[in-house]
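What follows is a set of structures to go through.
Note that chain A is present in both complexes that follow, paired respectively with chain B and with chain C.
Here is the complex of A and B:
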């Protein structure tokens, strides 16, 4: 990047490092941090929506519907999550292709699973075979986001389901006594009050979500783990002007520090939010705040 | 080839006994179930050893974090923060490359680059940190009356810790600790996806499930099999911890005994 970077072999240590850290590949590495942050920014609200939906379904008074919600929560929580990540990425892809196949090529009559192959007609391929590279990458990222949202949606559903039950019964009964319908009670009384109960669980979930982001690597996205492995591995003088030995340890140490800093910052921020939300609430936390203020 | 022959060939494939070549085509459900089950040996090994060794370390960490002394408290706090604040996946990667570098300097470290020891060390530290935090929380919520009563009876020092503090801490922490251990078993599936090589394709359950999913391009068979194994494993753990829970609570009146409430599983 700098003008003196033309011949790295003659540079001093510090200048060499400044050139090394600003190569195109390193910018891709820095960009992959943005990938992680974008993933978090998209996944967190999506998972929350999934969770809200799941919890509302699980609360349903109609048996079979509530079983669907509870089943969703129970199944995702009972199995190692990595298995889910690996499973959903293929399963979702095949499900989408299968659905498109049924719609686009109805006249196709060969079986879709032939031995070890999964064959749909050309027009139903996702993304299309002739699509540019960025569409492939975006599609991969989209699948990853959806997978994260499904898995974390189940966790969030569990938290929200618990929070909904923690809202004092008397509140709901009062609403009923005022003649509110079930729907009104739900939206006007239950939902606004449950967040305080849900927040500790949700903030815990946020921490877990942060720590799950390296798993993007397993889903085939070029994330920070991918780049750390790529850049850190031994570089031969034949192929690069910045040869070095095996630096993967240093790169992963950097990732470790990044995550520690990230979780620390989140912890501080979430503590603040919790303090603000408990302000004036009829809970032990709110009571403690009131006493401290007096 | 009948299913029994498959079982005879592959039941201990993951630790190097039996048939060397993995099946390459015409995969049967029997083969998948056997090999994935064979991989479970690794998951159980990592889980059990890390759990038992981590338990001791966790008690030490909890006591350290609750201690008055600055020099005991800070290291415990940092240890717990380090392992709880970063993803296990990154810890595995870092540890593997760290051991690779150490191996070049000091040959003693060469076994640490293999999963059976290197990954075990990481899992040990990790579960020690997570359980240490749980035990620390329990230690703080021991009723003051219990300690005062112990003082009144003349307990002090080690005796008080062994007879009063420690059992009460365990009793209070037990439900959370049960979750943590289920959690740990799930976390063992990360080992072979994070740098640690599976020599001669001797991997854990998820390694084989992933192998089959890649080969058949059909995730709907191997992953449900894996899920079944893990649900069974979780039930066994819950049963075992339930028995311990009963024993820890046996002195309490019937209605005060706390049932184990299981809320398993989150990624770390």
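Here is the complex of A and C:
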């Protein structure tokens, strides 16, 4: 990047480092932090929506519907994440392509499964085979978001399901006594009150989600851990202008600092949200807040 | 305005034609962590023997190629499900892999596998040997009944020997050679002949693409450019 970087071998330590840290590879590393943050920013609300939906369905009074919700929670929670990421994403991708294939190429007469190969017509490929690399990457990224959302949504559904049951029965009965319909009771009484019970469990999930991003590389999305491992690995002078030994320790230490800072910030924010949600609730925390205010 | 519409239409038509051609862009999948075969250079791009070879093959076969990296563990599943069209990642041709995917003809002769250890007098049959998961070396150690520890990246296998977790690492000579002499690491005299040369992995249903690459590899073999490349990157012995 700097003009003096042409021959790094002769540079002093500081200048060498300034060159080393501004290689194209390092910029890819810095960029991957943005990838991870964007992923989290999109995944968290999506997973929460999946969780809320799953819990609501699981609560249904109609047997088969509630089984769907409970089945979703049980199955996803029971399967190891890594298995989900290896197989589910590929299955999801193939399901999309299969659906497009059926719509776009009805005249196709070759089998879609040939041995272990999965063949759909060219126009049904997702993304199209000749799409630029960034489209492939974005597509992979959204597949990852969806998979994360489904996996973490199941855990969130379980938490929210429990939280909904933790809301005191008396509250719901009172609502009914006031003549509210089931729907009104659900949205006006149950949902606002259940968050305070759900938040501890959800904040746990958030912490786990933050650390789950290395699973991304299974999908070809390069995250911070991938780059740290790649940059830190031994570099032989034959293949780079910046040879060095095994520096993974240094890079992973940097990641440690990043993750610790990130979890610290999360904790502070979650504490604030908890305080907000506790306000005016018929819980021990809400009672303590009320007394402190008096 | 008319011109604009016309050129847009022309663009749309040519794009449609490009799509009709069987492989307008060939996506080359590699690992990017196995120097000198393939690695990520300082600029963050795929580099190495296979990068240079792949680019030359694509030019000879008149294909437009694009490079993607993928983790070794999931490199075959992602090929068969169509996320990229070839694997060019120092992958040895084996019968097991051949059942799932097809290979082009080998573009390097078999490279012997060697042991890298801290102690030159090590008896490998009684030691703990590290190898990368899902490689011919890992399968070889498992079959021989020695103690095997597997790691998902090549780098970790060498690190395991350095920090004493394993007594030796078994991998391709070309990969381990650059580590010999560093931090007291030495190559053992014992070598193993496993694997049948390195080829490009291609979907079984993609015979046409395979033929194109076969022809390109053959032409590079014939005019000696392949041997020159092999010598330049020191990845294996040359073809006779």
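Definition applied: the second predicted complex is superposed on the first by the 280 of 294 C-alpha atoms of A that agree within 3 Å, B and C clash if a C-alpha of one lies under 4 Å from a C-alpha of the other, contacts with A are read in each partner's own complex, and residues count from 1 in each chain.
The rule is simple: contacts are C-beta pairs under 8 Å (C-beta built on N, C-alpha and C of every residue); 3 or more make two chains touch, one makes a residue touch a chain.
Quantities reported herein were computed from a predicted structural model and do not represent experimental measurements.
After superposition onto chain A, the modelled positions of chain B and chain C overlap sterically. Applying the stated contact rule after C-alpha superposition, one finds that A:27 touches chain C and leaves chain B untouched.
After overlaying the two complexes on the shared chain, residue contacts for A:241 are found with chain C alone; chain B is out of touch. In the superposed model, A:90 makes contact with both chain B and chain C.
Of the two partner chains placed around the shared chain by superposition, neither chain B nor chain C is touched by A:286.
In the superposed pair of complexes, A:80 makes contact with chain B only, with no contact to chain C.
Looking at the shared chain after the overlay, A:158 reaches chain B, while chain C stays out of its contact range.
In the superposition on chain A, contact of A:200 is made with neither chain B nor chain C.
In the superposition on chain A, A:53 makes contact with neither chain B nor chain C. When the shared chain is aligned, chain B comes close enough to touch A:214, but chain C does not. Of the residues of chain A, those at positions 86, 90, 94, 115-118, 217-218, 229, 246, 248 touch chain B in one of the two structures and chain C in the other. Chain A contributes residues 23-25, 27-28, 86, 90, 93-94, 97, 114-120, 122-123, 125, 128-131, 133, 136, 217-218, 220, 222, 229-230, 233-234, 236, 238-242, 245-246, 248 to its touches with chain C in the complex. Looking at the complex, you find that chain C touches chain A at residues 18-20, 22-25, 27, 32-33, 35-36, 39-45, 47-48, 66, 68-71, 73-74, 77-78, 80-83, 85, 100-101, 153, 155, 158-159, 162, 178-179, 182-183, 203-206.
Interface residues of chain A, counted against chain B in their complex, comprise 75, 77-83, 86-87, 90-91, 94, 113, 115-118, 155, 158, 204-205, 208, 210-215, 217-218, 225, 228-229, 232, 246, 248-249, 252-253, 255-256, 259-260, 263-264.
Of all residues in chain B, only 25, 81-82, 85-91, 93-94, 97-98, 100-101, 186-187, 189-190, 193, 206, 209-210, 213, 215-220, 223, 226-227, 230-231, 234, 263-268 touch chain A in the complex they form.
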